[in-house]
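Listed next: structures, encoded as structure tokens.
Presented sequentially are two complexes of subunit A, the first with subunit B as partner and the second with subunit C.
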Partner chain A sequence: MTTTSPAGAPPAPRPAGPPPGRTARLIAALGPHATVLRGAGGLLTLIGALLPWATFVLNKGPYPDKATLQYFVAPFGVTGFRWQLLLFGIAALVLALAPVPARGRLLRGLAWGIIGIAVVNGLFITVEGGGLGAITVTDGSVACGAVVTLLAGVLVELGARAGGIEPRPVWTWRFGPWVERAVLVVVYVLMLFVVAATLTSGGTGGAANRYSGAVFLSFLAALGGAFAALHASGLMTWVATVAERHRVFSVLVLLAMALALPLTAAGNEYWMTVAANIGVYAATAIGLNIVVGLAGLLDLGYVAFLGIGAFVAANLSGAAAAKFDVHLPFALVMVISAVIAGMFGAVVGSPTLRVRGDYLAIVTLAFGEIFVRTAQNNIFGLTGGSNAIPGIPQVELFGTRFSDRIAVAGIQLPAGVLYYLLIVFLVAIVMLVFSHLKESRLGRAWIAIREDEDAARAMGIRTGPIKIMAFLCGATLAGFAGAFFAHKTGTVSYESFRFTESVTLIAAVILGGMGTVPGAVLGASLLFVLPEKLREFADYRLLLFGLALILIMRFRPQGLVPDRHRRAELARDPADEPPPGGSTAGSRAEVAA
Partner chain B sequence: MLATFLSQIVNGLILGSLIGLIALGYTMVYGIIQLINFAHGEVFMVGAYGGLFMFTYLLPTFIQRQWYLALPLLLVGGAAVSTVVAVLMERFAYRPLRGAPRLAPLITALGVSVALQELVRNFYPGATAALPFPRVFVQGTWEIPVPGGTVPLRWTGLLIIVLSLVLAAVLTAYVNGTRMGRAMRAVSQDSDTARLMGVDTDRVIVLTFALGAALAGVGGIMYGTDLGFVNIDMGFQNGIFAFTAAVLGGIGNLRGAVVGGIVIGLVKALGGQYLPGGTAYDYVWIFVVLIAVLVFRPQGFFGESERVRA
Partner chain C sequence: MSAPSAAPEAGRTGGGPILAAAGVTMQFGGLRALGDVSFDLMEGQIIGLIGPNGAGKTTLFNCLTGLYAPTSGSVSLRGERLPQDPALVTEKGIARTFQNIRLFPSMTAEENVLVGRHVRMKQSPLSSLLHGPKFKRSEAAARVRSGELLNFVGLGRFSDELARNLPYGDQRRLEIARALATDPSVLLLDEPTAGMNAQETEATRQLIFAIRDLGISVVVIEHDTKFIFTLCDRVLVLVQGELLVEGGPDEVRGDPRVVEAYLGAPPEEVEARLYSSAAVDESPGGAHRKEDGP
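Take a look at the complex of A and B:
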């Protein structure tokens, strides 16, 4: 994922404001030994990767990657998380010795990855094994992999801080346009493989694959560390600038990559279904992003529009339980759903003329609750009540049902691939609409209203109609997604549009970063892939969302992919601002290049 | 006919005074730091579960059997649990965000609400379904004779009405009559100036949260005693009703919160009886009232007209 912001730095370790505490002084005292610490950390990581991690075979069967002593026959044939640790260790050793720009920052990213892997796997083995003995010593067998690796990660982190965290270098290389495009294609192909690997890592879970959650989380930790390091190297920012220079080309290649996902390891029916569901919520989250991210109007009942779109589509689909006995073509149904959802959006938005701020949030919540209650009561026979509307027919085109397996040019594609391709196109259209709206006169009016409504009005913006437009546009996009949702799942029930779904969508937008397209997509993907991957924690899903909302608001209110304006608005930490010495760092990097 | 009407009025009064009691917490917190403490409904729920925990696991059997021993202990215990939760929540979730953009604390409150609900669901034994709550009060009803029938009034319902109104009166007296109450009113008018005048605003804010939470905890116990069961959703629903009541009465106004609560209770009871759709739609009517109030009279019954809101 490329970032849109040139300075989307992770929060600095210590804010410049308060006087240095005991930890800061300790780290300063370690300064002269930074290289030793870094090297020792890297070496320990290698050792940790080759040590056994579990003292006995866990209850659910051997931990993946032959972590137990009994299975520990070939230390150099490691795979999985221990293979990732080996790579991290080698990278840390190289960075400790080689003069690479911003290596402190790079090492900090690696340290996070090492600590993450150690904690995830260590915790899993401890909990599954029933105690600390599982990762230390039991009955004479020693398995200190997790402990040693954790220590290694902490050493690397300390070494990185002791040597000083340099500002991120700014690369200004320019090549010929075709060379740059080739670089972009390579980067995007790599991204496709990373996405496919993330989706498939750990497998689908279930009885045959009991550690899928652990493997996935560990992979995610490694990926996070690798991305942090890449970002620290300034390369990701450089790629983002190059992508900005070849914008249309980038968008086309990215679209092609999204369409190529069925050809990778993720190309089976299960992942196609998951990806299609993610697509539905990503499209909805982008719609919500118009209301919340651009116009700054918090909507706590937004999922109702997805529901309205879905119920409209269900009633026009020719399903047996539908109110109207018509079967319209899918494209038409979609337009009708979007229009009706948009009309409801305008109705829900109309109180914005008189109500502001958190009062408005409560009004939208009330509308959402009214929707759920009336749908539950099967109002006018339109929603099926607790029976839902089942049996919505599949989308058909030229006699091909979208749920069928198809073969193109001799390649057998998985079932559900057509739905996946359709939702990719839909999300692409929604993204296009969003980014054009954002840059338009209307979008700038929304942002102005978000920043200061009274000032916007004084500048001649007709705030009333423009706020209603935000609701209308957002609801229309959700209606589109709802029509797709109805046909894809085949059953529409009010249960899918409860308050918790609205909270999840809000969490997706905020986690990703308000007001940006990649943010909404990233947030929706994370929040809908994680529950799919972590079935064993399904009970704690909402709990984690709640805690995540609190923590994000506390520590990173601008989200993972911050918007430039938004960043400036929410930044309270002076260390989070672009460093004033950024230009000198840039010139040094040029010299180094 | 008349009997039906009057018994719905009685039902409305019972629910309404309970909602009014919860609404006091919303209105005080909003009055002081302009935060819709979304998690206040959850504090009410946590109070009920705290009382249930105390009754089930801590009280000896001879106290459990005597309601006049068990009820006061449960009321104090529920209030204490709610207060502790609210103080922790203020300290760790809201205080770090003071001075942040307006949306941030509201989203945090949403997160706290979801987190509290899920914490109880996952970690209180058996909380995934509704749990029976001890009926620690006189059972039975008082059949009030009226022309054309009788109006039943549950004794537990009478307890709710009386205790809620008494507590509301005590709170009003406290806020209007004591030194700390004066500090609270000062902070709500202008917290910067109050600080300059030597008021410890942090302490006042914590006290506000604690007072509102204690009332909510008492409400949670009474709710459980009256219904005979508690469930996870009770906080969210009643919290929304209570917020509606607080807005209806004019947010920041104690008397308004109680009056608003009673109005909401009456709307739910009478709406379920007489409006189309029956009880299946009584929630819908409350939300309709909420939207109508916010749109047409956001300052509520007793609120000052037009205070500046972000």
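Take a look at the complex of A and C:
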């Protein structure tokens, strides 16, 4: 074992000071051959894409006709991951030869995409085929596509590092406002198609399609590689700055894109339902982001507020209200649910006056458990217990039930599209509420409390009421989402509001990025799409969540979409990322010394 | 350094002390951290608070700002007894900085100062939600004021910088700007020059004079006695929780009890050290800075 780096130092490009480790020496020795390595990696990727990947047929499932065995076996069949690999290979070859800025960094992104595709599909075939034989040689049939591709990915990575990883370029192009807006529209339309492709890749999971998980993960790996390469090119940062210049326009176009999702490949009932559920959890995650992300109060029982909203709506719209011949309009039900959830939020928030940190987490955890148990026991006959509350009527507007299929201008839209559109608007409103609150006296007070509660008090912030406000606002947003959830699913059961859901929501907030709106939405999307896609890994769901969170905390503690400040900081100083929190600790230690 | 346009309102005290501590005693279990400390801070005065480590200086600050409830005794601002809550004390007009810098590290310099404006801003939760014209006016006014204060302490160009990325001396200045944003009539500074070099210390001295010229009374804790003796109108020496000496800088500097409390040296050495210390103090911009590490 050689020591590669002193403890705590970043492993990537290192100054000439400490003695280089084995890897560093290897990279240095490969230096002159960087172009050859890159080119060879690219070529090998192309070859890997065209080789057969599995030595035998994989369709042993209950629906052999639907199994995508051709996908893995047939050589020269350019479908699925094969065309992604072809694209990556060509891109690597071009980058090996053409003088593109920051090409080492770009190639690195591609390399990890190639490695990801090879590993995901290789592992899948190995597991399904019962051993390493499935991806190498058995009885005369040869299938080394996965191995060759993995090797290709490693070669590209080595070549990229041997040639040097350049700093990310910063583009400062400016065009006329309408040109920039046109660019944004093009980018957002592409994003819409990527989202639709991600949702539909691998098709619907479950027994009918045992390959969906692998196909989806492979697509995700390719997407990640492409994303990393684009990010390395500095173009994404440029688009982000352009979007910042045309903020309102961007938001409107993004909203339009979200509304246009039903027109894409994802426009069928199944994906509309999945997307609407994601919307519910995204709205809830944004609410939680007020409590956890802005005010820094760890709430482990937050999903209870979603439950309270849902149960209130279920009682107001369902059989209970019908008995008294009360028929409230949906909008009113929603407001009442939100208000009641918000009141509970204030009640739960009140212990925060007394407890901090870990102790607060325990109090909220207990609240979440109390909620589930009481709901399970059908308290006051309000929650239906284990029978749940069924038969909540669909939302109706102008005589159209929201679950119906509708046609607009001759285009037949999938069933459930109205719910999808409604949740898009709700999420948009919740986002607006969040960002407005964040940019106000109240929002700054929340952040100040998160940063340093004693200093906040010394600045005249009455921490008690302000913290209760955080709980109240967060719970209100969750209550909104809960009312929608109740009407959408038609049945509300305590089963939907267990501790796991709270943990998933917190994970969504942390994964996406604390205190940011896109982060919460992205986190919620990921954490609710992945289980949908990876049904075959359902038993390992929490294990995988845990692993993902550990990886995020290790490699990207600020989350997938960091705060605006952090973005600004990165944009200003792309080469040198200070360890988050490190400098503060340093200056404090300095004072204490 | 340009003065903020809207200087904080000067008190209407009519000659009485603006801040008065009367018999403040603080007992932590069996430990008497402060014993019967009384002093008056007059309008526009700068008082220095010195004493060895553990003398109770920061404890006194915590009593003055409502962080601790004194076991006995009282603190009053313009004759009015102060409430037992740091937030309310700040609202009444006492602002402070901390010995270990306690900025909001992930907020920008401007946002840190805006948090200081918290008590002087009015925004109902509903208007925070809707961002109506009234909200926008209040927000714009707060930003203008923050900009003035950042310029006042010389950090105008860093307004969009994260607090944690600022150099150490600038973080101290930012903390002062944040405290000034609460429109205080009394400013309490806890070791404002700790860890600073000679130039930065001099700049801080000028800054504190400028703050005094705005009509704000200042209490400074500092170990750097040279800094204190050239800055303050009056100096209090706190030793083991008791007020040992109180008086003008020259008076205190000449007092053998003070030197003894600091150095614990025999009398004949006290004489010698006193002379050398005084001599160094008079040399302008001398490199000698500290009797005692931060």
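Just a few scattered comments:
Operating definition for what follows: the second predicted complex is superposed on the first by the 514 of 593 C-alpha atoms of A that agree within 3 Å, B and C clash if a C-alpha of one lies under 4 Å from a C-alpha of the other, contacts with A are read in each partner's own complex, and residues count from 1 in each chain.
Here is the rule we go by: a contact is a pair of C-beta atoms (placed from the backbone, for glycine too) under 8 Å apart; a residue touches a chain by one contact, two chains touch by 3 or more.
Predicted, not measured: the structure shown is a model, and the values here were computed from it.
Legend: residue contacts after superposition of the two complexes on their common chain; A:291 is shown touching neither subunit B nor subunit C. Legend: residue contacts after superposition of the two complexes on their common chain; A:152 is shown touching neither subunit B nor subunit C.
Contact with neither subunit B nor subunit C is seen for A:395 once the two complexes are overlaid on the shared chain. When the two complexes are overlaid on their common chain A, residue A:243 makes contact with neither subunit B nor subunit C. Of the two partner chains, subunit C is the only one that A:437 touches; subunit B does not reach it. In the superposition on chain A, contact of A:550 is made with subunit B only, not with subunit C. On subunit A, the patch touched by subunit B and the patch touched by subunit C overlap at residues 569.
Those residues of subunit A lying in contact with subunit C across their complex are 433, 436-437, 439-445, 447-448, 451-452, 454-463, 469, 563, 565, 568-569, 578, 581, 583-584, 587-588, 590-593. Partner subunit A is touched in their complex by these residues of subunit B: 36, 93, 96-97, 99-108, 110-119, 121-122, 236, 240, 243, 247, 277, 280-281, 283-284, 287-288, 290-291, 294-296, 298, 309-310.
The part of subunit A that touches subunit B in the complex is made up of residues 296, 298, 300, 351, 354-359, 361-363, 365-367, 369-370, 373-374, 377, 499-500, 503, 506, 510, 539-540, 542-543, 545-550, 553-554, 557, 569-570, 572.
Interface residues of subunit C facing subunit A in the complex, by the touch rule stated above, are 65, 67, 85-88, 90-91, 95-96, 98-108, 111, 114-119, 121, 123, 125, 128-131, 135, 138-139, 142, 160, 162, 164-165, 168, 171, 178-179, 182, 194-195, 294.
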